[in-house]
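One chain, chain A, links the two complexes that follow: it is found with chain B in the first and with chain C in the second.
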Partner chain A sequence: MKILTLNFLTCARKACKATNAAFPLHPRDAELEIVETDLNPLFIRNILPRIEWDALREICVELGLPTLPDAAPEPAALFAEPIVPADTMQDADEGAEKQPTQLLQDLHRLLLETTIATGKLVCGNCGHEYAVKEGIANFLLPSHLV
Partner chain B sequence: MPEYLVRLVQVHESFRKAELEALAELAGIEMEFISYSEDSPFCIISLPSSDAAARLITRSILSQGIYELWGHGPTYAALHTSLRGLSPEKWSPHRTSSFRFTLDSFQGSLSPAAQRAIIESFSYLPLDGPIRMKSPTLDLCVFEAYELHAASPRSVYLGALVAGSGRAAKTTFDLKKRHYISTTSMDAELALVTANLALAAPGRLFYDPFMGTGGFPVAAAHFGAVGLGSDIDGRSIRGKGGRDVRGNFRQYGLEGLYLDGFISDLTNSPVRGCMGENGGERERGAWLDGIVCDPPYGVREGLKVLGLKEGRGEGRKDLTPNIREPGYIPPKRPYSFTALLDDILHFASLTLVENGRLAMWMPTANDEDIELAIPTHPCLKVVSVCVQPFNKWSRRLLTYRRLPDSEVDRSQLIPKREHGAGIHADELNDFRRK
Partner chain C sequence: MLPTPSTSHVSFNNVYEPAEDSFLLLDTLSSSTESNFLRTRFSNSHTGQNESTEHNLGAPLILEVGTGSGVVLAFATANAIAIFGRSDLLTLGTDINSFACQASTKTVQTAITEPLAHLGHGKFLDIVNADLTTPIRSGSVDVLIFNPPYVPTSELPDLTLHDTFNTISLETSSTTFEQDSHLLALSYAGGVDGMEITNRLLEQLRGILHPERGVAYILLCAQNKPNEVKERIKNWGQPWAVETVGYSGKKGGWERLQILRIWSACSIR
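== the complex of A and B ==
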């Protein structure tokens, strides 16, 4: 499971979702793996404003990954030249042609290449552990937690 | 605006217009239908330019190509009259170009001699270049449409090819050649059309909550989107013997566009924000550009989801998740199809970004032939309803657009009802009687 995906997931229990402690889930006994993949600048730019930055920072600390800045970078910092907002496809195409900065490449490495191969994801509210095996997390709940 | 002829395929008729509209929206092209009929493969639209025509058609699955319309009429005489009035701008750049004529006859059967005679009837056009049957610069096509068994066509057109469509992907993604599929995999053609209707495109994130072997996320990735999926059955994601969802992405060189697959149940989804504020979850902002899915259905017996319901038996075997997972055997309770659809719309309303799309398949009627209502949600506007008929039943592809919050009628927003607890599925299936 990629670090980006982790940013989109909480505890599956309805009772937990209402609490702040259920997000982000905390990796435990996590075995990390780097799986190289093509740089997708357009995707990173579009997804950046949708990332819960504080949660991402927290996960980086817990996994011993390089510390992120306090605040999420502006999309403009991803490219060597300033770009226009991604309101339309045409604009988006233009953005794709700009030179990626080191920041963009670092985010790519963190969000899309760093994966949890095996381990557990633990809810900070109820303590339930979700297993990750072969990179696939299992969020099915046992009956007493549904 | 200049007029163009789209050479549609004569299958999945009710999807064709919706696909063109979606592609025009995606490319930001102003398009108007001049003439369109479900029983003809020739459709006339107006577009700002040939460049726009090429951009429009390049991803189309349900067409073969787009032609600049040079002339048309109900008869050949009318076509020639219309052609003589054609602006010289159209043909003058091609005075010395290589060219060819072909004939595309729908429901007609002309002898080779008759075909030759038709093509020769255009010899007054001032084209002096060489005839080249392979890759000519100017590729002219005569289109004629007949009523069934009619002796003469009801309409004829002459068009100059602008660009071919993206229909070759139908063959590339053919399930027969895919390493990993299941009996419920959507055929490649309709999976690609679904991705088109949902506006899958580079930079966008698409999710399928019933991913199965990954057909929809793969189709979205073909158009450049990043695909994410989940399934209640972990075995479908993991696959077997090296054949798995990731392998399907790899087969098409799309592995970089596979985000992840995870095991989960829509009714207890770990997806961030999917309960909404009414459900007590903190508002964290939507993050999906598209949701594409073919929900599992079993209308009469009711679906089974995870959860206890006392006094009833176990559910369908094929939904039994992960018996190999350690720790427990998940119990099941009945879950009506209507409730499932409501859950999907609720989920989509909370997780889709503004103008993001949900493209969802559902049966048109239950197995007692009672039509199922098209589910609605105040945050989601129906963009298109396409129907695929089979011999004994039919199904629909519903496409919705997530309205911007400013356009949502907030008075219609009511807290989502809870389904299923202790009620038999039949009581939950509130069908609209015809």
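== the complex of A and C ==
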């Protein structure tokens, strides 16, 4: 499962869902796998407003991945201005492609290419562990916990 | 007509095979009225590169509950531009049946790697093995799609057996008949009025949908008493609205199907 998916998941227990501690779920004993996919810079930019940045930072620390900036990047930090001759400046907005920065490429790698192949996702509120096997997380609860 | 995703790799011994209800969802989502509604609602004209970030509401999240073979989620993902007017959307699915999770993952991945899909498809996240929307973060879903187990039955499948039935036993290395029957029953058995599972989903719906952008497509059959269901939803009050936006099946037949669109009628901007 993709790291980005964790942005939309909480503990499945009803009593936990209302608590802040049930999000994000904490990966444990995770085996990561990189699954490459085409880079779509505008896509990454439009995902950013959906991301709970502090939660994503926390997940990166827990997975031992490179530390993210303290705050979500501004869109301007995702694209480098193209180098254009002065006399074509007025066309720059439409004509020249802005180049994705290293930060944008890193976010693509983290959010869409980094996957949890096996491991556990642990609720910070109740401690329940959800297993991830063959890339699929199991959120089914034993009947006494529902 | 947009192409129907291939499910030729799916074992229909324990995963629901696409049927009239699935195809009604495909037809409804891609109908001109619904794609106009969705395109207007999720217009990305405000996400042009030069606009400031305040207007960028971000990529919409599409959630299908109970993906089964994955044909509906694959269709929505592969035809993102045609249906939603944008390809920067995220798609996610849940199913209580782990075999369905595996099957639908493959169906979506296959559909978006078809040569014709490469330009306009959205970004598929994952299928998670879950009961309805239980692990989905509150308020995060923009579009929810649900083809429920809607057939009236005297009882629901026994969930105390689900854990053992949800995996392949190490001894047999294949599923048993009893196991397959349990897994298939989960895809169609709806209990009283065929509404027991749909009612649970309806209880979760307002918590899961984005309060302003949220919209759900839910399939009902005639025996679900659709008019009563609609009345109940109308009683939710502002900002929720409900309308039937798709029909199929013979008149008076018990499998006459319809699709409800339930949406937040808040002004978005």
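The rule we apply is simple: the second predicted complex is superposed on the first by the 129 of 146 C-alpha atoms of A that agree within 3 Å, B and C clash if a C-alpha of one lies under 4 Å from a C-alpha of the other, contacts with A are read in each partner's own complex, and residues count from 1 in each chain.
We adopt the following convention: a residue touches a chain if its C-beta (ideal position, glycine included) is under 8 Å from a C-beta of that chain, and two chains touch if they have at least 3 such contacts.
Treat the numbers as computed from the prediction; the structure is a model and nothing was measured.
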item: Contacts of A:4 with chain B and chain C, given as first, second, both or neither; value: both
item: Contacts of A:135 with chain B and chain C, given as first, second, both or neither; value: both
item: Touching partner for A:20 - first (chain B), second (chain C), both, neither; value: first
item: Partner chain(s) touched by A:122 [first = chain B, second = chain C, both, neither]; value: neither
item: Which of chain B and chain C A:43 touches, first, second, both or neither; value: both
item: Which of chain B and chain C A:98 touches, first, second, both or neither; value: second
item: Contacts of A:12 with chain B and chain C, given as first, second, both or neither; value: both
item: Intersection of the chain A residues that touch chain B with those that touch chain C; value: 1-2, 4-5, 7-12, 14, 17, 23, 40, 42-43, 45-47, 50, 112, 130, 134-143, 146
item: Touch list for chain A against partner chain C, complex; value: 1-2, 4-5, 7-12, 14, 17, 23, 40, 42-43, 45-50, 74-75, 79, 93, 98, 112, 130, 134-143, 146
item: Chain C to chain A touching residues, read off their complex; value: 44, 47, 49-50, 53, 56-59, 61, 87-88, 90, 92, 94, 96, 98, 101-102, 105, 123, 125-131, 134-138, 140, 159-160, 162-163, 166, 207
item: Residue ranges of chain B touching chain A (in the complex, touch as defined); value: 26-28, 201-205, 226, 228, 230, 232, 234, 237-238, 255-257, 259-265, 268-272, 275, 279-282, 284-287, 289, 306-308, 321-322, 325-328, 330-331, 353
item: Chain A to chain B touching residues, read off their complex; value: 1-2, 4-5, 7-14, 17-18, 20, 23, 25, 37-38, 40, 42-43, 45-47, 50, 52, 86, 88-90, 92, 96, 112, 130-131, 134-143, 146
